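Per-chain residue numbering starts at 1, and chain names A, B, C and D are given in the order in which the chains are listed.
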């Protein structure tokens, strides 16, 4: 018997939320064609969720190695700031994107160096960049909110390709590419091995430190890209607030998606579902008109609900409700 | 010493910058501290200023209450405290010298009045609130609600927090548009950033901001005024962050032992289609 | 015959080579403090040192509870929110409902401990990840705090004025109530962690939960109690915060959980559990406080440089710690 | 004889995909040492865990002193008078020895600990086993054997009526085993019932009064030890006939003129091992003999690049090579099967397949991934040849019995097709059938031209398998014997440092 897939519960949670919304207001599910592109709440959720999904993708790998990256929000701000300054300086889009990605890679490398080479505990190592990074971002834009006037740049976040929104397409492509890169090669196995038992992996001849560092670098790059999307989305680099609290959302998405914070087994698909779940929840609260002050409460209930359903014990209780279909 | 709340927005940055630049101009040795959005940090900063025996303390309080103990310390040390930006509640009014502020309440009221005049007191409003619990969000919401209460035709049909962020404004507006469709007449945003984000959402929905939906907002940062000039925002109420000169004048007066006005407000203007283009070149922030 | 020194050592908990981090950390703290004293006139004084304790009283109190939780291999993200909740809850009870402060405190402490026990039960009985459950707890407490009141409320009770004005004269130095609270809680925390079965059971659970179970330790009660104790500490920290400010503020303690975790980890406690020292937490809090105090004394940094410098100092500290420990 | 102390009736226990126990009866009397025997995966540990409340039983009942008990947790079992040493050291490595011995029952008043009494009690418990050890040392800094002794000391620190020992001797040397047995006999005389799980038949005959044999989770039978011959016993365990001749004895030394595959000159590390010279030739099994803590594991770790050496060099086939990490070592064709299976061997939550292939895949690099078909084929090959008992290739390895985990780890290294393989206690916790298979495997590896460095605390095993033995004493190389010189007698003398 194959172990039950952990993705099922967040998926059900997602379905329940969608249903709740649809019952409340049928327009929720409506997708129309407006000016030759798709338009509707589900499309919004995908577009808005694309940034969290990107950050959560890298976070999945970091968490799978048994670490965590708190600095992603600051990296988002840094990358946005870099974009804004370069575009304002009249540099080409290609250079700008490369620089933003480079900033993410650099940030990830710094984290990787601290965690993998120097053995600093991940929370502390990445806390440093979390604190300093936002300062750096503000330094880069000199405390201003810089307006970006580049239609090509904005297209990345708000554009449509063949009627489909570009940002989610980009993210889905990245998820697929990552999935293939991890599962068609042995990288996925290596990451899981290192996360499961680092000593044993090292003794088995894996370059544990390098694998961990790679995860942080990848995560940094993902956050850098998310920063590009965030800046493009609002046509401005907001060094103060961009990516704020994103680390919590990303970690939430990863863990709800079935990747344990203790490291080891990871599920990229689960992460994608987790990220969508959290975005759908936000939209749901707008939709139901939940007062903003108590908005955290439904979030809390959702977390508890989904994690409870994922737990083995509840699983067994639920399993007991249906007679065993297969003989032992 | 100047205890700032934090650096959470460009408005704050302009506020801090104004204090610093002006201090440099006048040769004042300014000790600056950033509370990073935490009251405890600000109190810590005040205590540190007292320990360092500064001549005067300027405080931009993050919340209204909770300053009595530290202000008593300052009083004991003989250091005058000037409150800026928003007022505090205290049992003992002698704890601070005076208050120089922007009046979030007045801003909300001005916005409501302008709107009533413009629309003739009719319309369905959606509101983009600031961060829940923050002072400007609280005041701007209450004042606006009071302001429109006189006009039964004006009605807030939905209100959500956009967290003072552009992304937030855009996201919430997208949700509003889907939820209410075309019945939205008016958007009231607690700051320009959210209004600007919402404008994008409105444009993406194929509507014309400023025309199909009347937009009222607060802050009047340069980009906001620009949007007014472009006709995308109909009106933005100024919340002037350039406190520097006035604060230092007051400090000098207090130190010289002169009596100063107990409460004074920065003059906040209102920009709409009539005066924004003219005001634009003069905007410093 | 044993020497007197051995006999004395015999009476305390074991000091291993692994407690070296504690000494190294203490050394670096002293160096940090002296460096700051060298640069800033008036820094080297009993007053500044005492203010390190009193200004960080509620961070310190929360960190003590957090240390115990981390000992057991768990984590608690809800402390900051619980501080905010207790703070506004106490203020409302006293000001709006005219309750005696003592009664309000009791209720607040009970609420904190209750929330902790609830989270602990979920974590233990359903084997749910502490990170997620306490994240949910954080949202709940924050939501509840704002639900009570979005405005801060001043407390004008006579008792409050008395306590917050109280100072204990120790020689020439006046030690304010906040610092006394912190010292008391730290001593209690030290006793619990290193001189009670409960504390050692926590370390054992963090070291290896499976083994602790097989060794017949009361895993469940210990895990549930540790979250309850931590909730209690957080509530106490919230009360100390109301004493400190003479008001209740639902936004109090925003992000404080990260500072508390960082203090604990800087103090040499392993985030994965099973290893650490309560005194290290005191050092961690002091180091955090010193960095902040030094920056305040400087007073020339812009907001963003301030962040960068805090990050850089943390980095320097961690590198020094690594350097000394690695050489050994 | 006395009354029945413990009675298990019709115990059944199933895990997903595996029936670990089916209708097992098991009886222990007061004042007897009862051996519980069976192949790897027969269900011995599971039976014990059911008894102590770690796993709830699916069926059956447990009686202690005639009263039905239902322990829900080890704590309860302990309170009822059942003290247990589980297979695999189950202590907390980050705490001190003293704490590990007394945890959960520390002396003290008003909830506060009396550290002095804790240390005293720990010292006393260790003294009963005649173990000398700093009670303030961190447990994790001790070798597995010493940790095992600490675990036993902990179990003896209670006033139990029933003592359960699950493979306590797997990592002990003869002296320590003898001491443990002395103690067990004393406890037996005091009227305690003792359950003893082991794979060493000698020990069964030395110490036990009666024995129970399990096979595939089913009861084979209960016997009086003295009534059952060794061969009969092995037959019962394996369910087939075996003869002593199956164990190969004595290996001739290969020609010494050949160039060594792996050679170390002056390899040493301060505080761990004094500089040693050693050479391994293709087609030989070299043994590394020594008492516990003599530095065997340390030598192996240096060779494999786990610890950095501060003197000396390593050469492979004549060329000096740099072995700065296990990764270098694996690339160069070395393999190292660690003695600490739990901490340094298995990836507990990953599948048997992944555990088996991780070293090979690491050697090939991430990009040259094995295709699913290749993976399945390799796994099935090793599962068959090593007779690994697992539900399927996707079972998490932590669900396998200890012995089967060990086999997977061996397979992990064989799959890399190494030129040199270092086996540190490879037969620890492995049943007699599997041990025989592993010894045959070692012989085959030698025949295939591998160089094998074999570390074992079982002298007989060393004698049987090695063509040359290097003896370490007190962290330095003190002697070398080869060929017919290798006898248990000589080895013991060399290891102990006494002269014949």
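We adopt the following convention: contacts are C-beta pairs under 8 Å (C-beta built on N, C-alpha and C of every residue); 3 or more make two chains touch, one makes a residue touch a chain.
None of the values given here were measured: they were computed from a predicted structure.
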Chains contacting each of chain A and chain B, listed by label: C
Most remote chain, CA-based centroid, reference being chain C: D
Chain pair, A-C or A-D, that carries the greater number of C-beta contacts: A-C
Chain A-chain C separation of Cα centroids, rounded to whole Å: 30
Chain B and chain D: spacing of chain centres that average the CA atoms, whole Å: 71
Distance between chain centroids, defined by C-alpha means - chain A, chain D (Å): 44
Separation of mean Cα positions, chain C and chain B [Å, integer]: 34
Two or more partner chains touched - positions in chain A: 138, 143, 293, 295
Residues of chain B touching at least two other chains: 7, 12-13, 132-133
Residues of chain C engaged with two or more neighbouring chains: 146, 150, 270, 302-304, 306-307
Listing of all chain pairs that touch each other, if any do: A-B, A-C, A-D, B-C, C-D
Residue ranges of chain B touching chain C (in the complex, touch as defined): 1, 4, 6-7, 12-13, 16, 20, 30-34, 36-41, 43-45, 47-49, 51-52, 62-69, 72, 89-91, 132-134, 138
Chain B partner contacts - residues on chain C that touch it in the complex: 42, 47-48, 51, 55, 58, 146, 150-156, 164-165, 241, 244-256, 292-293, 295-297, 299-304, 306-307
Residues on chain A engaged by chain D in the complex (per definition of touch): 1-2, 184-187, 189-190, 192-193, 196-197, 199-207, 264-265, 328
Touching residues (chain side chain C, partner chain A) in the complex: 122, 125-129, 131-133, 135-140, 142-144, 146-147, 150, 258, 261-262, 265-266, 270-271, 302-312, 314-315, 318-319, 322
Chain C-facing residues of chain D, complex: 52, 54, 73-75, 77-78, 84, 86, 90-96, 98-99, 103-104, 106, 108, 111-113, 115-116, 119, 136-138, 154
